[in-house]
Amino acid sequence: MQIGVVGLGRMGGNIVRRLTRAGHDCVVYDANPAPGAALAKEGATAAQSLAAVVKALTPPRTVWVMLPAGKITEDTIAELAGMMQPGDVVIDGGNTNFKDDVRRGKELASKGIKYLDVGTSGGVWGLARGYCLMIGGDTEVVNRLDPIFSALAPGLGSIERTEGREQLDARAERGYIHAGPVGAGHFVKMIHNGIEYGMMQAFAEGFDIMRNRASEKLPADERFDLNLADIAEVWRRGSVVTSWLLDLTASALAKDAKLEQFSGHVEDSGEGRWTIEAAIEEAVPADVLAASLFVRFRSRQQHTFAEKVLSAMRLGFGGHVEAPKK
Amino acid sequence: MQIGVVGLGRMGGNIVRRLTRAGHDCVVYDANPAPGAALAKEGATAAQSLAAVVKALTPPRTVWVMLPAGKITEDTIAELAGMMQPGDVVIDGGNTNFKDDVRRGKELASKGIKYLDVGTSGGVWGLARGYCLMIGGDTEVVNRLDPIFSALAPGLGSIERTEGREQLDARAERGYIHAGPVGAGHFVKMIHNGIEYGMMQAFAEGFDIMRNRASEKLPADERFDLNLADIAEVWRRGSVVTSWLLDLTASALAKDAKLEQFSGHVEDSGEGRWTIEAAIEEAVPADVLAASLFVRFRSRQQHTFAEKVLSAMRLGFGGHVEAPKK
Amino acid sequence: MQIGVVGLGRMGGNIVRRLTRAGHDCVVYDANPAPGAALAKEGATAAQSLAAVVKALTPPRTVWVMLPAGKITEDTIAELAGMMQPGDVVIDGGNTNFKDDVRRGKELASKGIKYLDVGTSGGVWGLARGYCLMIGGDTEVVNRLDPIFSALAPGLGSIERTEGREQLDARAERGYIHAGPVGAGHFVKMIHNGIEYGMMQAFAEGFDIMRNRASEKLPADERFDLNLADIAEVWRRGSVVTSWLLDLTASALAKDAKLEQFSGHVEDSGEGRWTIEAAIEEAVPADVLAASLFVRFRSRQQHTFAEKVLSAMRLGFGGHVEAPKK
Amino acid sequence: MQIGVVGLGRMGGNIVRRLTRAGHDCVVYDANPAPGAALAKEGATAAQSLAAVVKALTPPRTVWVMLPAGKITEDTIAELAGMMQPGDVVIDGGNTNFKDDVRRGKELASKGIKYLDVGTSGGVWGLARGYCLMIGGDTEVVNRLDPIFSALAPGLGSIERTEGREQLDARAERGYIHAGPVGAGHFVKMIHNGIEYGMMQAFAEGFDIMRNRASEKLPADERFDLNLADIAEVWRRGSVVTSWLLDLTASALAKDAKLEQFSGHVEDSGEGRWTIEAAIEEAVPADVLAASLFVRFRSRQQHTFAEKVLSAMRLGFGGHVEAPKK
């Protein structure tokens, strides 16, 4: 199929590569001309502007926007919509808040333009492994673009099939789903990332407790100097915590068991935050997902004002003078 | 090698099967004679008492005790130790608290008897997949018994190898490690289970938020009736949360997306609790692992006294009368 | 001063009483005529409609709206604004989200109407103790209405003065503050409620741990059957946790140490939720405030779907069949 | 009454002062002779050794030990017990773990010596306000020593009485209780401190969210530069969060609203940790109390290993390179 792809960063570029290799015809554009030029050598058609992308496509057009969530995605889609015509499709493959999708979907629908939100997981590994896709939007459009999604998704691969799925939607096994109406795709992707935060934090705390078991403050016979790289590796085989995140941890620890290249400063992205907001809207307890987010907030500060308030109270009621932070 | 195995429940029985199939000579015993008789048909030698196990083995003997942690393990090991001689080895393969290992190891050492603690992961899948083993004790003994551990462990299998491990201990890749002195094996297994709790809770919260997204209290266009079975399945391919726990969740949801057979009552075992105690001893923050444990405590109550205290205060300061629990 | 008060529920009615007793001239209205009639006997002027309130007041008018946050407050203020003129003042004394204040303040400003948001704490005790007021809006308006705020606030009372406040704003000591521009009043009140949730939960957990210390599962000599009413009372004198919330707890426990009249179902209001959203916007860790909110969410369910997901996994990896919920 | 007091630090010295002023006869000792000499000028009798304390008292003796929990308390009580006789009483007024009390009580009982554990709250304010006492031990001994406890406790003071307590134990209103058998006193004090941690953290988070509301990253009209000193002060009058901890916070903020003298490093003591262990033993959820403890653990580190593990995973799956910690 013919498809436009706007935004050729790591994710966008590899999406084009995977589509091109599957025989699809990609018209690509990025504000920076270099990645488009590179992709042109791999079979894509490089356009020099958004307008050129729209012009190069035969209606009904499909344009996949793969840009950072926020103003740039918003502006790009608005500009595209201004040039497109009824029946055309805009796909937002970025990490947009599902509420923005719902609003935007309604705006485009008023012009007859279709909108799909596609939560896209795969990161730096997507080109090789394929992208796990969570799609929101009208059924008719999702079905029409099936060749695109099918090409991007990982497929059955060598992963063992889940018993009892014979009667269920086969697309899920091949790595993509139609999650529901506009917004549902990014909603599911958002929860995926929220879970990811929690799983990461579970591993992080466990390894922290193991690393600190060598502390000289502990009784000598309850003190262990554990080999974290070997532990991560052994858990990859036959344990309950077997997971891709563990594979990555094992790989990092095999290179440097002290992880000395890392400062401990950890960023968070919108999805982790929005997951908690969704939980609150629904009155669903989300202790672990919230705690995982707060750890990241804390990691980026030298100290918090909260901690100073604690010390001020301790001085007040007990005369406790805190030792300086080392 | 020749080995005694005491305790022939699901775990113990399958350990015997896996060892027997690998050519080891197992002398087995359980207070209930049925499983021993069954294993005798598969090549093991069934003994009728602990004493008979000890008698049947040629020194230096090795006896693997696979019983529930606590009094029965404690008593069995004490009774064995009374019949064994210097150079013999007792293995505790159960879920013992590492501090009990440390104490017990010293007691046995005073009689010249060796003690190994072997954290054993694998559950109902261990016979087929192999057991992930985390071993604590003297190097000499661990090395001597390598054929046993090697036979029980999963081996390299089809799992992709971790880059950079060429120079590291090859046993980890084959699914077993010598974690350190007595206690270290169960310590690492304990942390494994603590992490397991956190990962499970991360998934549980995420699926709960998705399930409640269909609530009629939400605005109609932000409400989604999501197919949880398909979502679990699609995440198995190319997503960041790919894991064995996700495989199991996908399998359960494929059978019944509402999980109606489950009451919501969730047990916890010692390891989850001891993990938090270890974190506290080391002054390591463990927000996610603790929260995961507390969710299980809460799940087993109709309501808590804490919640009644909240309502009493609310009545006191605001005249709020709480609606009855539905 | 002359002031209109709209909404004569428990809070609104007592605000009118406290103002009337201080010599202010209140024109009051409620959709239900009964409370207005009652207040008329205590010196207020009962109006029969919003329009009648506006008509009865001499410009520049002040109308205090004391209604549940949400649509009814929104609609009432819109209706009032349609009848008021430049220089008039609308006060929202309810529990409105500060972002709604910001929006509404701008809307009214475009018509020359002033808007104040007044976070009002005091509950059923406000008539006697006075109301703690947190005010957002223009300095000129806040200053002009000082007699109103001063009359509602508790005043210095018998509370010991804080050393070092001699040079600081004396209004705070008398129980009201001008917190900042429109929105700041409700923001501060929101945080007050967030903190309240956390303090309540701290007490609730502590009393729960004490109550469960009588459990027969504990070793006999580490088991205590504690008198919670006496404990709450003793802490009121000389302990660090002395507080009004403790006073209320002591009072409730003195009446019924088992709190049997309470179901354990605990409501939450918007402020607790918005506090977490504000923390997330600012990337400030709020572990305790979030956990306090989640406990309330959990208290209103028989079980969560999350817990069923945990059980499904446990069945999957370990063959664990959970006991039914008692 | 005659009483020995061992350990004359801030707490012990002021206990002697309060007892002496009430007419009790104190024989005092500390390894450092200075505080004893000072107290001798205020009416106490200074002894030069533990043996001298025992010798100076008429049987049945009472010795109050007021030393840091741990080895020094353990050793001192053992030494005293070696010199005392049946019917004598040892009081541990420090912050001992209640399980140590239980063990120690049994050891002393085997020699006919009585043991009381007295949880003592009051800090630097106890001399003036009186000490809140939570007493564990035999009823006969607690009753015999009532004049001591009564003198130390705050008494009714000016605090409003709790309705409905007329028929209940009057000692609670006067600031001391007999909580139960040996261990119960320190257990209740432990929970008091656990709750204290939670309340402090609730305030700390609330003030942190308010302080960060001035951040330039927020939209201009949702950004507030709040006066934290005034807010703490206003909440002291008529709000729900009125408490001694708030008084102390208001006092600290009145002196320096930025709390610049504090590093943010916050210590924790045993009681906060043991509270969580008690909760875990009882299977009681304690989310807020645990989170409060973990914040303090975190405050004393530049970064955690856990955070580095998170960054390592993020690099692995997404190629995310974290910015350095500022």
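Couple of notes before you dig in:
Labels for the chains are A, B, C and D, by order of writing; each one numbers its residues from 1.
Just so it is clear, contacts are C-beta pairs under 8 Å (C-beta built on N, C-alpha and C of every residue); 3 or more make two chains touch, one makes a residue touch a chain.
On a predicted model such as this, the values are computed, not experimentally measured, just so you know.
The chains that touch chain A as well as chain B are C, D. Comparing chain pairs B-C and A-C by the number of C-beta pairs in contact, the larger count belongs to B-C. Of all chains, the one whose Cα centroid sits at the greatest distance from that of chain D is A.
Separating the CA-averaged centres of chain C and chain D is a span of 31 Å.
Per-chain CA centroids place chain A at a distance of 38 Å from chain C. Chain centres here are Cα means. That of chain B falls 47 Å from that of chain C. Annotation for chain B: residues 123, 125, 201, 203, 205, 208, 212, 240, 244-245, 251, 283-287, 291, 294-295, 298, 300, 304, 306, 317 touch two or more other chains.
Chain D makes touch with chain B in their complex at residues 240, 268, 273, 276-277, 280, 283-287, 290-291, 293-295, 297-298, 300, 304, 306, 317.
Residues of chain B that touch chain C in their complex: 10, 123-125, 200-201, 203-205, 207-208, 211-212, 244-245, 248-249, 251-253, 259, 262-267, 287, 291, 295-296, 298-300, 302-320, 322-326. Of all residues in chain D, only 98-99, 102, 106, 121-123, 125-126, 129-134, 153-160, 162-165, 168-169, 171-177, 179-181, 183-184, 187-188, 191-199, 201-203, 205-206, 208-210, 212-213, 215, 217-218, 221-222, 224-227, 229-231, 233-247, 250-251, 254-255, 275, 278-279, 281-289, 291-292, 294-295 touch chain C in the complex they form.
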